[in-house]
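Quick one: the structure is below, and I'll ask about it shortly.
Chains here go by letter, A, B, C, D and E, matching the order in which they are written, and residues are numbered from 1 within each.
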Amino acid sequence: MPRIAVAAPPIAVVAATVLLWWLAVRAFEIPEYLLPTPGAVLEAVWVERDRLAWGMLATAIGASGGFAIAAALGIAIGSILGLSRFLERGFYPLTLLLQMVPLVALAPILVVWLGYGQRAVIASAAIVALFPVIANTLGGMRSVDRDLEELFSLHRAGLASRWWRLRLPASLPSIVTGLRIAAGLAVIGAIVGEFVSAYAGDRAPLGMVIVSAMREYRTDLMFGAIGLAAIVGFALFGIVNFGGWLLLRRWHASARSSSD
Amino acid sequence: GDPDATSRGRTSVSVQLNWVPEPEFGGFWQAELDGVFADAGLKVELIAGGPSVPSAQLIASGKVPFGIVSGGELLSINERGGSLVALFATFQGDPTAIMVHEASPWKTLEELWRSDATVACEANLPFVTFLNRKYGGENLKLVAHSTALANFVNDPTLAKQCFVFAEPVTLELQNVPVRVFPVLESGFNPYTAVLVTTREHLAANPETCRAMVMALRRGWDGYLADPTKANAAMAKLNPAMSVEAMNLAAKKQRFLVEDETTRSHAVGWMTGERWNTLAEQMNSLGKLEQIPDEIEAIFWQPPVDDGPMAPALEDSATS
Amino acid sequence: MALRGLCRTFSGDPPVEALRSIDIDLAPGSFTALIGPSGCGKTTVLRILAGLDEASSGGFEFEPSRTPRIGYCFQEPRLLPWRRIDANVALPLELEGMPREERRRRAGSAIERVELGGFAAAMPATLSGGMRMRAAVARALVAEPQLLLLDEPFGALDEVTRYRLDEMLHDLWRRDRFTALLVTHSIPEAVFLAERVVVLSPRPGRIIGEVAVDLTERTPQVRATDEFAHLVQRVYRLLLEAMGDGA
Amino acid sequence: MPRIAVAAPPIAVVAATVLLWWLAVRAFEIPEYLLPTPGAVLEAVWVERDRLAWGMLATAIGASGGFAIAAALGIAIGSILGLSRFLERGFYPLTLLLQMVPLVALAPILVVWLGYGQRAVIASAAIVALFPVIANTLGGMRSVDRDLEELFSLHRAGLASRWWRLRLPASLPSIVTGLRIAAGLAVIGAIVGEFVSAYAGDRAPLGMVIVSAMREYRTDLMFGAIGLAAIVGFALFGIVNFGGWLLLRRWHASARSSSD
Amino acid sequence: MALRGLCRTFSGDPPVEALRSIDIDLAPGSFTALIGPSGCGKTTVLRILAGLDEASSGGFEFEPSRTPRIGYCFQEPRLLPWRRIDANVALPLELEGMPREERRRRAGSAIERVELGGFAAAMPATLSGGMRMRAAVARALVAEPQLLLLDEPFGALDEVTRYRLDEMLHDLWRRDRFTALLVTHSIPEAVFLAERVVVLSPRPGRIIGEVAVDLTERTPQVRATDEFAHLVQRVYRLLLEAMGDGA
């Protein structure tokens, strides 16, 4: 498939969405304080471009750091829980708990332990993004073809070998799905982490820009900052997709460039 | 500024603010810009806060030596294992207020509170309980309060908690006319935006604390005289707030910073009487289990005429 | 190695009795063929021998020596879809920890042996059914097993290729003298390869009879001899008989 | 497996966690404003039981309403995106966007549309929980065995029939994983939604209890409320697990009561 | 229906040329068998006929009538693992929208026909390989197709069961006179069932020759006749010849 055909649909949809947004703001006379026009948002981003660029960099570091930790930890924990029903029953709920504690409640402990700034942001991004990776890794591990497991039993494969040669590759499609979810959650986790632990200075991360814009009634700036954060998320999502495609294209149905 | 302040070695301290840079912290920026901190032998780092930043816990746990909390927060956290000491109260009058649209029917706080209006506020805060005690408020509908202003602007019947010099100023600049009911008029007037440190830090570094307070007093004096320089600096750090908005806010907050007490003592001056009143009020509202035995123990301030600020180098290093 | 009084009933509703009181001796270096109607429990016997399933009662006796190295060709190919054919074939060697070069060499010659040369780098999904099955055979042979369990390995092959692979397997067995148990539906194949053909009854599988194959020579020409035809006939009658009283 | 063996592991793990928590508070002398003791939390829950029971009810309604919407919408959207690569490329990023907008920023719009109270809370729970269901449904749909798809093509099965008879059942294991993630996210979505759009007062939902406890540094009450919210999440999670087990136990590896 | 000059090359690195210039006529009501070495493209021919794959060049001509109802038995069972055997067998009827009662009745009789009575309620994973394959055959037959494509349907069955199912299939064909194309590796099976046996060369598959089978009667006894043996021999020689020049 030519490269243009890959990029065209999302661009078309984004363009259509922006148009709809603009039309909606016009047609329903939505006041700016609720929803600014796309033009106003772009202008605000342009005017504040220096600060927002630094903010985006900070948020990108927080989100990708958290994402990387969530990916590594999530695959590890999911794989370990996949070893036995006993472990799964005992610890799976505990990992779920982590996802259900509001970050604001964890914030004091987090910030007191990890200090200001990037580390606490990375931690909160990781906490928010962790569970989907665990759940999808575990789901993948549990769905490994029993027949192939038997092949490995027959040759008395050790746990590590079995994991590396069978369970991990067999679970990859599911893990990639988990990482897709984690990509978006890492961004929101970083933003919320920035609400909680934002560090001062003229290089304030996007989360701080959003908070102050909200109180100052600058919806244009707020949506601009959110848009930039979303771009970070799309980039992570794109990396996951590309990595997944690289790993799966030779053998898995989900990566085939289908007939449609 | 003092160009070779660093070479002489200054004590590095940080201050955890409880919001992003804006006029409520004007004295800090003024002190920095005027070199007052440097003169006091301090190298001050100001850390922005936000609605969910756990400022009080950070200070109480010693993560930062100084920070801004409210008087009520100080009393609550001390009852739960903290040992905060107030050093400087930015506002003599509590800036907390309820704003309503100009076109709305309510003319006083009492009228509002006795009505069936919907109020977005931090329910369960001492002032809300106080107003409930005083005015009833059985018919009032309290809803979640968030930093966003959009809902208030959109709903002409909504009332919303605010700071007199913050949201109303923003709205004024956007041509949304509002009426503001300061809570202090009801008789509940806690210290707000209080600079605090821990008892341990104060005991170990009395000179640093003293230098900090003295510098802040001078900073505020300078800011009250002319806030524009500091405002410009703060506006650089806060993309959402313009210099005009800051200047306007600075004007509006002035009468809360200055009063007879500050004029006869110094900016930020606190009295035991005020602290005592707050403790008693909170106790009677059920927000505080016991009134601290020694009310003086929860605040500490250097005398006004404490001589020139001395370098704080003899204190153990803090950061 | 021997199975004694092996029974296997699968729990379920209703429970399925697959095997009833099976006794089989597998002398070291012997080649046994197992024949029986579809669903009679042949695969189950192999699985129990390989330790992949457990007898409901009875069980098996090993020689006091260590458990043997098993090569198992399952009834379906069971290839890892994410590995190329050569990596699939080399898997047992990889699990043994053999160095890469040696592994590649051996896998290559196993692939040649099953006439898949040229497809070493192919992914399993691009092969035909018979080719996948041959790759599975190569994987079972690659590690030079001491006990070789083959579950209809050549069922998906045309007769000519099948004959050639039968001969290849026979040569290998003559050379290495591993113990072999072959499940097949082709009676000529069983007779050509095995020293002994065991016939099972329909479910629940019991041993109906055995035919000892005492061919002196097993060249391709032996298939055309009367002796061979006679042995095939005997096994076929046994099978007919088994199905007569079972169905 | 006897019933007791099913319940034992989580109970043991929870007990061990509580013990560790208690020990940590003692050993490191963690002050109460950061982390209360388990005992203090239990006491606070007992003292405030009336208020918390009402809060839990409200939050349970919000979370399960949002969960149900996210489940239905997510499966529908995931199935539609699964129809063509073109749709997927165009709209998948758009659905990700929804997950990356901080709720505090969306809250004003939600409140304007839906008013304060339960409806806005349900909406925010649904928004937060939606994407994982979409991602896992789509992942499942993309992984359907190509050979089985051919069987349906051969018989010229219509889209609806193919979906109902092939793609949905084949995707179920993956969808169940998505719903597991959604269960936890619906709870946190409801809580955060309550932070920004709920009614305070006597029957305030747990999210309100949490914010007001937080403002008073009543960590005991706060953690109690969080614990109750987590129970709601565990209940949803349990329902998903049970439903998944019912649907999958007869045929899928992931639902077998394995040999360990 | 006819295939004319059919070629199929699978893209890849290197590309695999599977079929080269195949011509086959499938007269309505005829029974054709396709025989050829493993990997020569037999499955590919069936897939193209069923519309599951596309020719690289050349292609096929239908009678001007509507496209026929196809019954396809794949080389692997391809059962839906979440459905019981009866529901799997009934799938084509379900997709046609037949009412449940009728569906159940027909699926039941198809299951009986492949000798799986008693396993209607079993899940596919609990069946043996041969039983699963028989279920797939039942599914191909259940909708009374006009064009029946069978890809080694009985490869996993013992000879006795296989003969019985051959006879069942022949009776069905005699009764309903559908058009049938059977891929098989068993030459006797091809000769017993088909009117014409087409032999393919090794990859790339070309038609090497055809044997017309003009048996007057096809009772079980015919297998023992010289005429039958002679036909089998002819096909076998053709196959040998094909493989001789291909490999």
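A few notes on this one:
Methods note: a contact is a pair of C-beta atoms (placed from the backbone, for glycine too) under 8 Å apart; a residue touches a chain by one contact, two chains touch by 3 or more.
Only a predicted model underlies this, so the values are computations on that prediction, with no experimental measurement involved.
Among the remaining chains, those touching subunit B and also subunit C are A.
Here A-C and A-B were compared by C-beta pairs in contact; the pair with more is A-B.
We define each chain's centre as the mean of its Cα atoms; on that basis subunit B and subunit E are separated by 85 Å. Each chain gets one centre point, the mean of its Cα atoms, and the points for subunit C and subunit E are 26 Å apart.
Centre to centre, using the average C-alpha position, subunit A and subunit D are separated by 17 Å. Here the spacing of subunit A and subunit B, counted between their Cα centres, is 37 Å.
Counting partner chains per residue, subunit B has residues 57, 61, 146-148, 150, 154 touching two or more of them. Residue positions 76 of subunit E each touch two or more of the other chains. Touching two or more other chains at once are residues 34, 104, 108, 112, 192, 195, 214, 252 of subunit A. Each chain pair that touches appears in this list: A-B, A-C, A-D, B-D, C-E, D-E. Of all residues in subunit E, those touching subunit D in their complex are 50-52, 70, 72, 74, 76, 78, 80-82, 91-92, 94-96, 123-125. Within the complex formed with subunit B, the subunit D residues making contact are 31-34, 104-105, 107-109, 111-112, 116, 194-201, 204, 208, 211-212, 215-219.
Partner subunit D is touched in their complex by these residues of subunit B: 56-57, 60-61, 73, 76-77, 80-82, 118, 122-125, 141-144, 146-148, 150-151, 154-155, 287.
Against subunit C, the residues of subunit E that register as touching in their complex are 10, 12, 16, 35-39, 43, 75-76, 122, 126-131, 134, 151-152, 155-162, 185-187, 236, 239-240, 243, 247. Listed in rising order, the residues of subunit A touching subunit C in the complex are 147-148, 150-157, 161, 165-166, 169-170, 172, 250-252.
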